[in-house]
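One chain, subunit A, links the two complexes that follow: it is found with subunit B in the first and with subunit C in the second.
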Partner chain A sequence: MNAILDSQIFRLLRRFDPAVTTAFGCILLLLVVGGTYSSNFLSPEYLLQQLKVASFLGIIATGMMMIILLGQIDLSVPWVVTVGAMMSCAVVGHGTVGAILAIPFGILCGVAIGLVNGFGVAYLRIPSMIITLATNAVAQGLMVVYTGGFSPQDSASPAMRYLATGFVIPGLPNSVVCWAIVGALAVFLLTRTTFGRAIYGIGNRERAAYLSGINTRRIVMTAFGISGGLAALGGVLLAGYASKAAQSMGDAYLLPAIAAVVLGGTSILGGRGSYLGTVAGVMLITLLQSILSVMQMPEFGRQIIYGVVIIAMLLLYGREKLQR
Partner chain B sequence: MINSSPLLRMEGVSKRYGGVRALEKASLEIWPGRIHCILGENGAGKSTLIKLIAGVVAPDEGHILLDGKAVSFASPAAANEAGIVCIFQELSLIPDLSVADNIMISDPPTRAGMIDRKQQRICAEEALAQAGAEDIHPLALVKDLPLSRRQMVEIAKALARKPRILILDEATSALTAADVTKIFAVLKRLRSDGMALLYISHRMHEIAELADECTVFRNGQKIETYKAGSKTNTEVVELMIGREYKNVFPPKPVKKSDTKLPTLQIINLSWTDRLRDISLSVQRGEIIGLGGLDGQGQRDLLLALFGVLRGCSGQVLIDGAAVKINSPTMAKSENIGMALIPEDRKTEGLMLPMSVRDNLSFAALHRISKGGIVDSAREQKLTQEMINLLAIKTANVDLAVGSLSGGNQQKVVIAKWLMNKPRIILLNDPTRGIDVGTKQELYVLLRKLADEGAAIIFYSTDYDELIGCCDRVLVLYDGKVTRELVGAEITERVLIASALNIDMEKVVHA
Partner chain C sequence: MKDWRFWFAEQRGTFMAIAIFLMMFVIYISNHPAGFNANIVQTASNKGVLLAFVAMAQALVVITSGIDLSIGMIFTLTNCLASWLVTGSPLQVAIGVVVVLFVGALCGAINGAVVIYGRLQPIVATIATGAIYYGIALALRPTPGGTVDEILADALTGKLFGFIPASLVALLVVVLVVWIPFSRSVTGRAAYAVGSSEQAAFMSGVPIKRAKFITYTLAGLLAGIGGLFLTFFTYTGEAAYASGNAYTLFSIASVVLGGVSLMGGRGSAIGAIFGALAFRTIGDLLFVFDFDPLWQPLFQGVVLLLAVSLSAFGLLRIRNRLEWFG
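Moving on to the complex of A and B:
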């Protein structure tokens, strides 16, 4: 009996991961700072708008988190996002069938690139940093060939627009609902399934996981497939949001996605982190971006601040490792 | 050359790692112009002794005196400075640099801050000549040289530092016979030049040829120093054993007749040059020991069986049917039912930051899940069963497994595999670094598992364990099974003799 009680207390304590708590603390701090700067900042409309903006990053960061948990990295995000957007819009041009297939086709393209990444990492043993950077370049090249380097003329299907901007639940944008569903699935996958266990196991010690009879290659490949699919879904939603795809529309998501995951307490070395942390990281990044733009901070300033924030967080984790 | 005082003297030097005494009040004298050989079983304290002299670790107590003056080296570099140079078993060369670069790496000749290549080449050539390896071109890349040549470069590198004391730790294990002869000539010349040499080897005939004096270590203690040639092989082996037996092992069952089909049979298993034509068979209820010196292919054999090594040839039969096991996933599957308790629990057995429960259920996820979804209640039940069965001491199952004691961590490694109810259990030196009490529990558990029908292959570097636990012991030497010992034949004396591959008759009847 006592043991069960102990166990519950322990789980409760674990939920208060210091990194997650810090992230939520920072969110509150940003809200207070923003609130004193402009009273609009705390209005429900503005906050809901932030949540909507956050949902695109949230979906992309979900995939990134799985890869980082494995101890890998996915740098192909920018052009996988763009591929998802462009390919779904491209299919829309092909009549009713095209309109129906637009969303699944866009996602499928992303899954395909992700599987190539996964194959390279798991079977060919290419470092993920290299292979994902390479597929990113290839995807960029293919899209430039396809569009001729201009913004494509295809526009998003009504379904895509509805998914990004409509309201199933009054007051709550559909993109936020999408993120909620993706998030719930991710939590389930990471905490309740053998796949999730295997991800944490591989991230902690790949050799031990392999010697435990886990098919580590298949797990790694699947995770990259999921990451690619989620990045493309993010692209589909962005295309729906803007009504059309655009060149390098995904470039703005790579660093924020990594930053969100790391700020949320997921170890960049893999094996440790919770989805709640990633949610906090996404919100933190979105608010930070928003405040910086409200304060009319130029683009370069934002980039510098992201970078510095990531370095600061990594230093924090590095120190924790040394203590052990 | 007559010297009245030793070059290096150790007095009452002790070193502990955690609770383990690696060396206890050891004293030793090293004289110039002599080759001093160190003998002892695995874990007798030889490597600790070398590390202390070479400045890799610092002693907990006692003194090391060089030329009669107490010294304490802060680092290997400081020991080098004082003229103590060590050649380890593992090579320390950088493959992509040239031979000359490697030889002069710690202190290259410079001119105006740049490396003086010409001078460096001359120095390297001198060192190579001194090592008797003039045939190696100083500008060749190390990675292009075969292993035995690299070892010669290693020796040249040590000589280039102009040592007064040269330590060789199993330095000849990678060499061909011709190279060994060359090296021996070099070592003898260095001895006559007045250098002090400390030589560690498991090869008795090498020691017989080289040694002026020998010291035997056992269990971290110095047992005896004697003049070379004053003792027979038998006496030496007895000095190396000499432990009293404790009654820690469960009784072995009376041997049944081998009429059943073996659970596991291997025919002519080979893998590169590490495993050569190994054949063995294990019955239900049998514990087979793997003996021999460390690194004679025992680990590779277990990994090969578990499907980890690529490119194995030979046949593996489970219950008489040929199978091809090509991954751990397959090895643990229902119809094979194999489990491997790996050698290093920290990197191969456990995910240290993860919880006790996650670790326990990790190899048996398929047993506690349906359609990929983990059944928490069932997981809780099975992990609790294992914790009770092995008496794992943990406050709760959510604790990180890394926070448990070594013995309890090892129990978790074993428990995680027992959850799979394996029929064939491979153990790779499972009692290393754990306390006596836990060891004893493991012995009892192993016998119990065997009695319940498991076939067990047990590699141990501890001869007592092989004697106490195993029904049969196969001794490996250089990737081959050189001897099979059954029942009462398994004695420490015979084990050590076969491990060293010395002629049995001499040992038994000398």
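Moving on to the complex of A and C:
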């Protein structure tokens, strides 16, 4: 009897990805540590605030996850986020039409940069790390020319502010709702469509995916387009949150986005990972940042702890197989 | 085929880099209002040498088919450290220089240890260690400041015999002392072997781990030399996030321009040096043609984008589509 129960528990446990379980364990640990440090930390308002902060990172990390599942990486996130924010704010200045087009236009700019990345990776076979660094530099150059090197004066439209800070469902900020919608779409795309299965297939072995009749180049390019669009959407929301765009507002999102995906158990080599893990990774990173700021840790300490935690977590479960 | 033809085929990327640099430099000099003189060469070499050190560092790691995205942050960290230590009596200055270089090498060794013994992917691992190095740099210099021994700084950034830029000589010395012995050693050959095919290298009993570890450590050392020179040029230390990131980016651009294959196993640090000098000259071209400096980041980005897209010409030679997937 006991043995049967044991094996059932064992089977239940085996269904969980150890990485995702570890990530959720770490979230609990952080909550406990935060709770002992300050009683405010566990109040619903504060946790909801954290969820709101997490939603920006969550949306950006969703795009990053698709790219990492392909076995690629997107280092153009910082300036795609900024382009999304700046371009949508720039369009707002052009009357009613501008106000309506602001959000789609910002996202479209991100999609365009993403498609350039995708074209380079899929058709020109340039390593993704290199081409995305290059488009990041070009996007930065374009924005520097556009703004003249200063923070632009345009401000966000009411719709953008509403999207980032308003409430459709009482008590639940709209940005969290956005993340939930993006997340649900991502889960559907990854698990219920041929596109999603092709992403996993390409991540495991692109050659095999190609030989089984998948148009791998189109899939890769599309995935980069989606990733660019999501990064830009993150930028649009951030601009709505801060009610304007700023230079280098995206710098703070590259490392956290990659870290969130990888800490959530998605293999950096591609082909393995679940969206639940990414959600856990995003919450983990956000809580860590929040605790460090509650402790009034200076910037240098945050950077160091941040790097150390990521390395430590990766060493725990992100290691490659030993070569034999 | 004769030996020299093998040698030439192996060094083709390097010769391309030298040719690009010479072309750019001739355009630059012939359009410069002051023309060709020792001062202009000195300024150009001082700016170019900084990037050349960092590019050399990146080239070493790239040859083993790795990547070091923390290289710019090691550069920043050693700059901040040098602004504290390289000052005072000659003995203190000497100790300071040694400590700064040691810390650079140590940062590289940590990267190597994490990547090799931790078995982590270099991209993510070095982004994370880069955050740590930047944090330490920020702790050392929350605001820009500090000082450096001016006699040493002026000696290494000035001119020898009135016309040879001292920084170029320093670069040459580093090449002779670090790169040449390394590339001719067993470890250096092992680094190339690992870059070509890690599996084959492993099967042939090549010391993979030692080769990779020494490469990352040397890369840290070279970035440290770069950081030291930055301090000599600016006389201060500054933990600038944007500048550290820019140097990482430019180092990759220089490596690509310098004909080092990003897949590993092909190219040389000499090529990367000329790639760096060419990249710097391209950036400076805008000034002699009187463009608004605002356009410089965009121009550099476009050059980088074009440079990496050039590698796509290799696709035309592929006969079997399956080779797309490496």
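Note that in this section the second predicted complex is superposed on the first by the 299 of 324 C-alpha atoms of A that agree within 3 Å, B and C clash if a C-alpha of one lies under 4 Å from a C-alpha of the other, contacts with A are read in each partner's own complex, and residues count from 1 in each chain.
Definition applied: a contact is a pair of C-beta atoms (placed from the backbone, for glycine too) under 8 Å apart; a residue touches a chain by one contact, two chains touch by 3 or more.
Because the structure is a prediction, the values reported are computed rather than measured.
In the superposed model, A:198 lies in contact with subunit B only, and not with subunit C. In the superposition on chain A, contact is made by A:215 with subunit B only, not with subunit C. Contact comparison for subunit A: of subunit B and subunit C, C touches the greater number of residues. Applying the stated contact rule after C-alpha superposition, one finds that A:207 touches each of subunit B and subunit C. After overlaying the two complexes on the shared chain, residue contacts for A:271 are found with subunit B alone; subunit C is out of touch.
Within subunit A, the residues touching subunit B in one complex and subunit C in the other are 207, 210-211. Interface of subunit A with subunit C (complex): residues 73, 120, 124-127, 129-131, 133-142, 144-145, 148-149, 206-207, 210-211, 216, 248, 251, 254-255, 258-259, 262, 268-269, 299-308, 310-311, 314-315, 318-323. The part of subunit A that touches subunit B in the complex is made up of residues 3, 6-7, 10-11, 14, 192-195, 197-198, 200-201, 204-205, 207-215, 271-272. Those residues of subunit C lying in contact with subunit A across their complex are 67, 114, 118-121, 123-125, 127-132, 134-139, 142, 198-199, 202, 241-242, 245, 249, 252-253, 256, 262-263, 294-302, 304-305, 308-309, 311-312, 315, 321-322, 324-325. Residues 306, 308, 327-329, 331-332, 340, 342, 347-354, 358, 361-363, 365-366, 369, 372-374, 376, 395-399, 416 of subunit B are the ones touching subunit A in the complex.
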